[in-house]
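Multiple structures are listed underneath, in structure tokens.
Look for chain A in each of the two complexes below; its partner is chain B in the first and chain C in the second.
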Partner chain A sequence: MDMERRDFMKLAAMTAATGLAGSMASRADASTSPPLPEQADIPGVTWDKAPCRFCGTGCHVQVGVKDGKVVAIAGDRQAEVNKGLLCVKGYHVGMILYGQDRLTKPMLRRDGELVPIEWDEAIDIAARRIMEHDKTFGFYISGQSTIPEGYAAQKFMRGGLSSNHLEANARLCMASAVTGFLSTYGVDEPASCYDDLDSCDTLILWGNNPAEMHPILFSRVIDRQARGDKVTIIDIGTRHTRTTERSDHFLQMQGHGDLAIANCIAQQLIEKVAYDHEFVEKYCNFRADRDPAEAFDSLVDHDTYVQHVKQEGHSGLFGKPITFEQYKKLIAYYTPEKCEELSGVPADQLRMLADTFADKSKKIVSLWCMGMNQHTAGTAINNLVHAVHLMSGHWGKPGDGPQSLTGQPAACGTVREVGTLAHALPGGRIVANEDHRTHAEDFWNLPKGRLNPKPGYHTVKMFEQLCTPTDQGGDIDTVWVQVTNPGQTLPNTKKLFKAKAELEDKFLIVSEVYPTATTELADLVLPAAMWVEKNGIYGNSERRTQQWFRMVPPPGEARDDCWQTLAVARRMYELGHPGFKDKDGEYIFRINDEAGNEVPYWQWEHYYDVNVDKHLFDDYRRFTFMKHKNVAPYDELVKHRGMRWPVVETEPGKFRETRWRFVEGADPYVEKGAGVQFYHSSSKDDRAQIWFRPHQFPAEVPDDALPLNLVTGRVIEHWHSGTMTMRVPQLRRAMPGAYAEMNPEDARDRGISNGDIVRITTRRGEIKLPAWINGRAQPQRGHVFVPFFDEASAINDLTIDAIDPFSKQPDYKKAAAEVSRLDQPHPYTEVVQ
Partner chain B sequence: MNSRAISRRDLLFGRFRNGVRRALLPKPAVPATDAPTTAVIQGRHCLAYRGLMCSTCYERCPEPGAIAMERGIPRVNADLCTGCRVCHDVCPAPTNAVLLIKDRRAPKPQEGVR
Partner chain C sequence: MSPPTGHDTDAMAAAVSTGWAAHVILACVFGIAIAGIFMGFYDTVTPIGPPGYTDVSHTSTDVDRTNTPQAVVYTDMTGARFGPNSQWQTPWPTQTADPNESYDLAPATPEARDTINAQRAQRRAYSGAPPVVPHAIDQTNAASCLVCHGQGMKIGTVIAPKMSHETYTNCTQCHVESVNRALPPTTGPRAAPTHFQGLEAPGPGERAWPGAPPTMPHTTWMRENCNSCHGNLADNGLRTSHPWRINCVQCHAPSAELDQWQALGADRPPVVISEKATP
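The block that comes next holds the complex of A and B.
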């Protein structure tokens, strides 16, 4: 092991030199053809492409393999996303496979202990359990599941079990972006792409810290500045971060201040008649939660309308049309002075921001990620950012448009496109729509009526039901978790996850690569292959579908997640579950070889006799045409470092990707002469919706007893729950544990100095952490920040489980809290007494 | 209450955490020789030089002022650097960017001596 490790380090060092040799500055404008030398020529090392395992940016790496082990990683110079560059995590991505505690044997909980069992037994146990509990079974997968894994789970649940209790962790991550896109454009996913970063004049960051979370994308902009391009960066956030250090303006807001800020931009554009008349008249409608005309004879003012909606409730995700005059009357409320009061941002800065949007000569890109999505008004703020871009006409031109970022490598590919959410079917279809169900039944050759029209439980509800005793209505009793760690990442984990420990009749199946907070409560643990130990396909935030091949064998008896799903499906078929037969009585996951004989790929030794990924992906591809999300055929993806859909065949065998959707010339589905055409518009008139969304306060606001706001987030060194990155020595050394980042004045008031162990208390629990003051970032007065990567510090025990009404996504960034030194009286005991 | 001031180094090395974790963290540096050394950051290996927003050495340096960040790039102040190696041990670059070189100048001033 020592020898191998040293080899690894040596080779990693050697190749790192090539990886780092070209910075973005030197590569940005260079052609990628003819191909550059890919990587250092190291004897015995073979190289292949793969997308990075971590975030949603979708960088490509070159993976060097020697003797069945990944020994080197280099940035892929032919990849358009990263042009040879990687971030600190990316350079070490190969090491995630080699943590010392990889799970290598299936384990079953007997008398409270996990004991090793054989795979046949494990598959049989899972199959029988799901079979007996098929209506109370939930499948919880991930934005890190591959597209074929997601598609297999999709068909397993909807087709096999006629159940919609299929969810993915992207509910905690991207759901509000999805509802934002749907209600604005009628169809999900960004219209723009990363190329915009190379030509924008102004970059607006909405609660976003790309310097740490999407460093490769941010470095594209920083690099342009270094070369002399003028790019103005405007950072809107609650915390002074590394991104803020590089920004020209910092708009420091209170929680939910973004709603007021965006509304203020709209108000100013209208008041100064600075909105883009032509764009709005040709391409936009106005929309709100309810049609004021149903209750009022004349134009209604803001307060009356908000009160009306509060009483009557909203009228669904797609809302009701309102007139421009009505919109104008409602938005007039959001003057800079009013918005200063609501957001905490000085009116002058708000005017500056509005003037930026009013300037048509500027090219503006807005970026956002968790700050806007993990928000109890997440759908609303997504709508508003689209709205200010649409109104000002900063839309659909290179370098000019809103771009939502994702946190996971296949949140778009697997969750949003394959539709692994409780209400969805592949390719933008929904279970509630009879036509959509019929499509899926026809594609899958299932009898009519096999698909269940009733949406399943969303993530928070699914785990709430799992943690509720069966006799008290907890009607989820079995959950299978793949490629994610809900034990650490769900909000309010004591209530939504840890409570399961007390419930004997509940059964948790976990496919994992390392022991996690989730396997701790698992009844059955299935060791999984990860990243280049299996074939896979991801889809990044700019609609880019990326394929890779298995390059090394998984350790011990670890096996592909996709195989696990298919093996359980096969076992259930053998046990006689009727759902796993199509209408002709054939197995629903049947794969034939070239001679037409069935391949027994459910036996592990035969799994790679065929390329199961290719079969599943090309099967899934048929679903993608309806909403014009055409993914490229598998064989085409093999040749590329990802392709951005819609990918259309321009002539036989030639495929073209799309950079800007809905824009004539770039998107092949826009009619000639249309300019911009929102061809999936929810109002069926090819127009996007400009929403009126009133300001609202967070679900939990600080009060006298708990006067601080707890914000959770990420650090550059670690990715999500740290399952992978905490096992990379360089990353763990660089950031070994969580901390409580405090504002110096808040710390001084409480007698806290740097390094003191403090107690953070919320209504749900408490945690002890060292305080870090004047460190990497600084929260504003009244805020405390804690990263969530550290398994030893379960910060999500403290977060709230309130959700957005449309997207059902929770808010991890607002919880009333108090911080005290350990020798101070416990703050919350005073509250309860 | 023990109000001993805790250095940033103690804090971030996780001295307060459980033993398992501590075992995985870098050992306190033991200079190989008595000769004083100084850290030098090699730009060609350093992530910050590539616009990749790394400031780990700066954050974890136990000597105030020994490493400063200038426009996102760490610079060592050789007069204040004690050669303790912490920056070398925590550097997360694929090829360690911190070189410890022998300090050939006059011995560093001792504490309290001007």
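The block that comes next holds the complex of A and C.
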């Protein structure tokens, strides 16, 4: 079986090298694409499993392959996540490989034009550029990079270059969830799992629209309702969405209202003495930004404390312990009436929500994703939602607990677990910790001191430095982007990405599958294989690690991202970069065959002689034990539709996954009799932290000149920047472009009717879009919503680049804006163009 | 009779104005009611349009006005036909009569099969993909889908098939509009056609010998309800020739080769379900 597969892969790789050439694409010249093939007669199809390429839910699909092409997709009935069901993106996922303008040839920018070059030259150019600029080089990968890709990049940067300028786009989507978990439980990632959706009585959606963004998970709940189960759905948000349509309660809030809402729940639990005394006393501590006793010897009131923190600053991600009495005094400020004023949610609804938490007989699941994470107080609101679950004891039972969702298929697997962020090392380690660096140096057989203790630049900073002229301190001059599209998805893109166009000495390498806003400014484009054109491993939002095999050859000369990283590494080793030798002088990415001979996998024709994924993954696996995030061995993953870590070997060859972390009986690392044990607690006493986090207003709020709030987001048909889904005709026709979703009264005030082309203006720029009123959803008065999938409407030119102080994640959901008809005078004349 | 005091004048004025206001209000009410009747007529009645009129969207921004049917004259109302189904020729009672009476039980011809397969292929990326919706949809509420597709219905030649699978409650999760009628179409490089070649619909099922019942040529996953495509409401070409036989799988065996559930079971171990947690 294994040999056959390997032979097939070799064959496929060779076919790829010769056949399918020609669909060399540059945006300006789509006419070089070959004509569409004749309709094929398809008698039989082979099927294999793969996780879906899109969101962080982690559905499994069955991929139907005929004659080296994907021809059909089916929901995988053996997958626990989706049980055979998919969403419309998933059903069409096979089509993303076959857009007419796939990139199939490396391209180098010469005299302003991208011209085709050979792979050897491309790898050599990349290697020499990085070699010369290794301290000013940033590697920007993705929550869609596979675990082996992330691990290769990790070792390339920390081990090879002794540099920490390694980031991933997941910074833009779940960094606040990470800091929320770390500061609450001492270790990252959800403790609960999707099984909770099958037994919860109440589902609370915090700024989340799962009917469109995580439809499989939402259907898991509403299909229960259809079968007669009583599940109450409470939707907290700024827009009336498809999710709201299915909800029992809609708490319509203003931006940052979630902070007030969560604080109000806590205040009510305390005031009504309805919190779970036993759970809090046994398993929780209280925390805040600063110790109130620093400046005051008695209990301090809310306003004085907030003022004090404002003056002194916070004391780090892990804060300072406070007493329950101090917490009570501070939280007392958040009465329902006060919180109505802060959030816009009526006090009665806030009381209803608090009563829901006070009711111990009902099981509650909270879900959240971008609404809470893309937030300049993202860490704070993550802390608060954990806090209300901990305080009320709605924690750690099946169907009862908080569950953070991710937007990308390996945001957890690759970015959080492999640690492809500027401060991190694999397995929950950090570069600042000497012991952790030593672990990595030992695992990788590197000389002591090879790893750099100073964290690198986070995403926003990295691109700010890229876009700043070198003589003005812009000390990033080379960036390699893989599997993501920052030209469209960074906030404030004019400042953080497009400004690079003017800077001659900066060099951008982009590994991509289609032309994008990012390749537009690339100096070197490397055509990439995608999804089932390569081996891969993802990790979803419930700690599930999922493996798949390459099933079809990539088109033209497109090659695996992982191969690209490793080929550049090899070239740098050959050019004599000292970092690519371990302490015994061996190549750091050496892979031996069974006879012990080195496999020259950096030559593309030999890449599939060995399973590079398996080698890298099993190497990485050693890192996962320290924080008890034990991933299963590769061979075990091959047999499963993903396994949820920690996966422990119960007897030789038998592996058991974990559904609820920190819970006795479910988590093998919890001691007998402990009940619940937060064994990575930041306070070293097996307790979680209940945080006091005051309300704060957004970084930019509407004013007289720009009286509306601009919210950006997603739609069901498209995935993120639309690079893939816009090439699927069924999805593109259903959702052909971005739109300005307005409240009908706001539209009426401005004389705007459905379909009118309107101008949206913020302090950073403007775009023109058709208005869609009473369409897919309806924002509340004073809000305007625009999806970001449409490359032709660069809404991120308008968003702010303010970030959360801990997670460094930007806020895409609050920007002061005005919408006007094109024939009306410009609303805001001081706009920086 | 003493002259009215200022106070009385006010009272009278108030009484007069009350009476006046009442008349105005009544006039308005009648006016609105009458206007409402006509407005209602205007908006809800659609006569049979010229051939080819299929756009039923109320949100469309680019309706071709030259093709828009004229409003119905009030006196013609009783003869006017309603709704978008311009080919509705049959009075309602025959639709609800015993369905079996109205069926053409002639066996399907290969041509009819090709026609219906071609139509189905237009609405699917590949055989087995969820079909796109060929009409405008309610963007927010899936319940409206079930009005027609819950039990299925046929009006003239327009068929709303019953769902082929059990009821899932978020229809738009899988089925999207074939064309978004509210937004302008995509332009530029991304509007290029695709190289994807979808799996084609299977031919007729295999027969062990001439006259034997054919096996199912497709998976039954998401197609548990045979009647959706093969039942009374189906187009000739897929419709069964014997609608009175209701236990389909009695004679037509599903194919293990096509059913990924069983095929995969053979060479892949089942998913391990970890033991129930007892926190």
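The working rule: the second predicted complex is superposed on the first by the 786 of 833 C-alpha atoms of A that agree within 3 Å, B and C clash if a C-alpha of one lies under 4 Å from a C-alpha of the other, contacts with A are read in each partner's own complex, and residues count from 1 in each chain.
Note that in this section contacts are C-beta pairs under 8 Å (C-beta built on N, C-alpha and C of every residue); 3 or more make two chains touch, one makes a residue touch a chain.
Predicted model, so just to flag it, every value in this text is computed and none were measured.
Novice: With the two structures overlaid on chain A, would chain B and chain C clash, or do they fit side by side?
Specialist: In the superposition, chain B runs into chain C.
Novice: Using the superposition on chain A described above, determine whether A:L85 touches chain B (first), chain C (second), both, or neither.
Specialist: both
Novice: Chain B or chain C: which reaches more residues on chain A?
Specialist: With both complexes superposed on chain A, more residues of chain A are touched by C.
Novice: Which partner chains sit in contact with A:R659 here, chain B, chain C, both or neither? Use first/second/both/neither.
Specialist: Only chain C; A:R659 stays clear of chain B.
Novice: Using the superposition on chain A described above, determine whether A:D823 touches chain B (first), chain C (second), both, or neither.
Specialist: After superposing on A, A:D823 lies in contact with chain B but is clear of chain C.
Novice: Scan A:K66 for contacts with chain B and chain C and give back first, second, both or neither.
Specialist: Second partner only, chain C.
Novice: After lining up the shared chain so the two structures overlap, which partner does A:A211 touch, if you call chain B first and chain C second: first, second, both or neither?
Specialist: After superposition on chain A, A:A211 lies in contact with both partners, chain B and chain C.
Novice: Touch test for A:R733: chain B only (first), chain C only (second), both, or neither?
Specialist: Both partners.
Novice: So which positions on chain A get touched by both chain B and chain C?
Specialist: Common to the two interfaces on chain A: residues 23, 73, 85, 87-88, 91-92, 211, 215, 218-219, 222-223, 226, 242, 245-246, 716-717, 729-737, 739, 754-755, 770, 772, 775-776, 792.
Novice: Please output the residues of chain C touching chain A within their complex, sorted ascending.
Specialist: Result: residues 59, 61, 125-130, 132, 139-141, 167-170, 172-180, 182-200, 219, 221-222, 260-261, 263-264, 267-275, 277-279 of chain C touch chain A.
Novice: Spell out the part of chain B that touches chain A in their complex, as residue ranges.
Specialist: Those in contact with chain A are residues 1, 5-8, 10-14, 16-18, 21, 24-26, 44-45, 47, 50-56, 59-60, 72, 89-95.
Novice: Can you list the residues on chain A that touch chain B in the complex?
Specialist: 12-13, 15-17, 19-20, 23-24, 73, 85, 87-88, 91-92, 211-212, 215, 218-219, 222-223, 226, 242, 245-246, 716-717, 729-737, 739, 753-757, 770, 772, 775-776, 792, 821, 823
Novice: In the complex of these two chains, what residues of chain A are touching chain C?
Specialist: 1, 23, 27, 30, 33, 36-37, 39-42, 45, 47, 49, 62, 64, 66, 69-80, 84-88, 91-92, 94-95, 97-101, 211, 215-216, 218-219, 222-223, 225-226, 241-242, 245-246, 396-398, 515, 639-641, 643, 655-660, 663-666, 675-676, 716-717, 722, 726-737, 739, 754-755, 770, 772, 775-777, 791-792
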